[in-house]
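Order as written gives the chain letters A, B and C; numbering starts at 1 within each chain.
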Amino acid sequence: MDLINSFGLWLGTFFILAVLSYVYKENVFYRFGEYSFVSISLAVQAVSSYKSIIGTCITPMSVGRYVMIIPFFLGLALFLRYYRKLAFIPRWSIALMTGVGSGLAIRGLIDTNFVQQIIAAIAPIPSLTPYEIALNTLVLFMTVSIIAYFLFLFEQRGILYPIARIGRWSMMIFFGATLGSTLLIGLPFNDLLRRILQTFGITL
Amino acid sequence: MSILRDRRLNDIIVFIIAVIIIASYIIVWAPLRTFTSEASAWGSVIAGFTMFVGAISAAVYHVNKVIRREEDWWLNAYFVAMLFIMFFLGIGGVGTKQAYNFIFTNIYRQIGTATSALGGLFLISAFYRSFRLQNIEAGIVIVSAVIVGFTFATVAGSMSPLIKPMGIWLLTYPTMAAMRGIMMCIAIGAVAISLRVVLGMERGLRPIEEDVTQ
Amino acid sequence: MSGKKGLGAFFDWLDKMDKRYLYLVVWFFVILSNIVFLPFPIVPSPTTQTSINYINSLPEGSRVIYSCAFRISSWWSDKPATMLVLNHCFMNNLKVIMVSFEPDGPSMLDEALTEIMEQWPDKKYGEDIIHFGFFPGFEAAMAAFAGDINTLTTTDYYGNTWKDMPIMEGINGGKDCQLIVDKTWWIADYIVRQFAAPYGVPVIYWGGASYAIRALPYFSAGLVEGIFFGFYGLAEYESIMKMPGIGVKYLNTVNWGFLYIVILIVLGNLAYIHEKLAGRGE
């Protein structure tokens, strides 16, 4: 067992170094690692899908949920795309997925990203301290200014121009904050370093 | 038979399913919600099959490269071999689980971590080259990025007790307000596109016309 | 290039330098971070504290869905996060329903499940925890899981009929659960749209720090009960729970990495300002 674990460590280290060698220049080791990753990734997806199809289709059908035969055949029909004469059948599967996806997206979006956000933006202030009034006004103004920035129905001039400009600056605050939160460049390296050292029997 | 081949049948399927799902959110009626759950489950099943189609398409592509003996065809052969080995190990059951986990942990996981580390590296030169105070907008981005970075990096928080509260304030109010505005604008656009899809007006989603009249 | 002296020559050299040396310096800081520690106190964010308080406020026996949508490339940090959530739930006698919406998830959750059952021998599979495996289709699978699990599957990841299990008593779908902890590599929109909005299931979102920032409006609107900011959230969570792990350990690397980035930004701007002044001088 120790031999297998040891071999696994060395194998992992080899692939880590193979992928990181891309920093120097693209080479055959990197491509080998890349092909390994993509092939295993696709295989893992196929395995997970296989197990989920067994769990969501085959097993329910075996206990009486015969209606699942329909999505099962619609799913199998996707392979008919390679056969021209019946290539119209996979379109039904795609149509079903498109309908489900669009419906789920619309039904949730309007409420969570629009209505609830408007309510939250103009909700009454719990405490009437001047500071909180100012803060809520600022938040509301920034939100409106960003919406004004995306108004392309008419030319942004007059009063709309400075408001849209402030909207643009507000978005820059958000982009900067997003960028500032991605300062984790060293972290995966830490994990890789420990893994490489573990291969040589060194524990940090 | 021509009705089954008609493109409008697909538009009708999309429309009916989408409208019922949207209605189930507004009208609290059990059969509508049951339909939504059922349709979503069917969508999930079909999505599972699409992953198979993807894997097979990739295998076919690489097999063609091997047959034609293109450059580095041995890599393509390795790809196909690894794909099938891993797949059969995965579905093999308890006996092959150890081998599957071995490859998953020692190869897949390590390459995944290394790839994400590599992605982070390319940010480094971006930090040096692109983060320059060229105008007001760039200045706002940099200041905001540094303040938020200070919020999360504990070393900066120790320099002054005000840094973390300032960062939290920046996140809680201006950043949140900005994201709210962006979110609402994205929602309007997404709803517009989704409506076009539901109404069959989105030509870009149609498959390329095949010679199905034959 | 000729004629530039002092700072000008330095910035010129920096501009023309092979960028791969910058990447090499990252390794230097990573090694340094394992030798020189900057032990500064971790001050938890309000959102982290709110999330932990919410989990602590749940009555014993509450069902918590642990929704996993992360990928193998982040398992080095997602595993400690998963173990922390599971430990926290078990400490409070909460019951955990694990489900994955990414294909990499089931194997990783299986690994976490094996470990947590070793740490908590009195907890039983099927009574205190269940693993549903992977459901493809992302949002469609979430909608089906939230509405009625029967439509999706009759068995768990290991092939057992889930309806027979005590943990699923009275549970038809995610809508009947008391909390969903969404550990994901993606945005919060999907889980909010399919769990919080239609059924009012409380959501605690744990995504990458940049995606967690995008979830702040949901937190403000009350659609999300709490947010963990990626890796920082892990460090804060470990600190509050007094269970130090890699979150606290690796925070030192974050500190050193941050210092490096600040140096780069300062150097870049100094070079730019110098170039502008030199250009005006001419």
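A few notes on this one:
The working rule: contacts are C-beta pairs under 8 Å (C-beta built on N, C-alpha and C of every residue); 3 or more make two chains touch, one makes a residue touch a chain.
Predicted model, so just to flag it, every value in this text is computed and none were measured.
Viewed as a network of touching protein chains, the structure reduces to a complete graph with every chain in contact with every other. The chain with its C-alpha centre at the largest distance from the centre of chain C is B. Counting C-beta pairs in contact, the chain pair with the largest number is A-B.
If each chain is reduced to the average of its C-alpha atoms, the one that sits nearest the average of all protein C-alpha atoms is A. Put simply, the C-alpha centre of chain A and that of chain C have 13 angstrom between them.
Mean C-alpha positions place chain A and chain B at a centre distance of 4 Å.
Centre to centre, using the average C-alpha position, chain B and chain C are separated by 17 Å. Residue positions of chain C touching 2 or more other chains: 23, 26, 72-73, 76, 103, 107, 135-137, 140, 143, 152, 198, 209, 213-214, 217, 220, 229, 232, 254, 258, 261.
Residues of chain A found to touch two or more other chains are 23, 41, 44-45, 47-49, 51-52, 56, 97, 100-101, 104-105, 107-109, 111, 113, 117, 120, 174, 177, 179, 181-185, 188-189, 191. Of all residues in chain B, those touching 2 or more other chains are 25, 36, 38, 40-41, 43-48, 50-51, 100, 104, 108-109, 112-113, 115-116, 121, 124, 142, 146, 149, 151-153, 171, 175-176, 179-180, 183, listed in ascending order. Chain C meets chain B in the complex at residues 19, 22-23, 26, 38, 40-43, 45-46, 71-76, 103, 107, 135-138, 140-141, 143-144, 147-148, 151-152, 173, 198, 209, 213-214, 216-217, 219-220, 229, 232, 251, 254-255, 258-259, 261-262, 264-265, 267-269, 272-273.
Residues 4, 8-9, 11-13, 15-16, 19-20, 22-23, 28, 31-33, 35-53, 56-57, 67-68, 70-72, 74-76, 78-79, 81, 84-85, 87-88, 91-111, 113-114, 117-118, 120-121, 135, 138-140, 142-147, 150, 167-177, 179-185, 188-189, 191-192, 195 of chain A are the ones touching chain B in the complex. Looking at the complex, you find that chain A touches chain C at residues 23-24, 41, 44-45, 47-49, 51-52, 55-56, 59-60, 63, 65, 97, 100-101, 104-105, 107-109, 111-113, 116-117, 119-120, 174, 177-179, 181-191, 193, 204. Residues 20, 23, 26-27, 29-31, 33-34, 72-73, 76-77, 103-107, 133-137, 139-140, 143, 152-155, 157, 159, 189, 192-194, 196-198, 208-210, 212-214, 217-218, 220-223, 229-232, 246, 250, 253-254, 256-258, 260-261 of chain C are the ones touching chain A in the complex. Residues 25, 33-34, 36-38, 40-41, 43-48, 50-51, 100-101, 104, 108-109, 112-113, 115-116, 121, 124-125, 127-129, 131-134, 142, 146, 149, 151-158, 164, 168, 171-172, 175-176, 179-180, 183 of chain B are the ones that touch chain C when the two sit in their complex.
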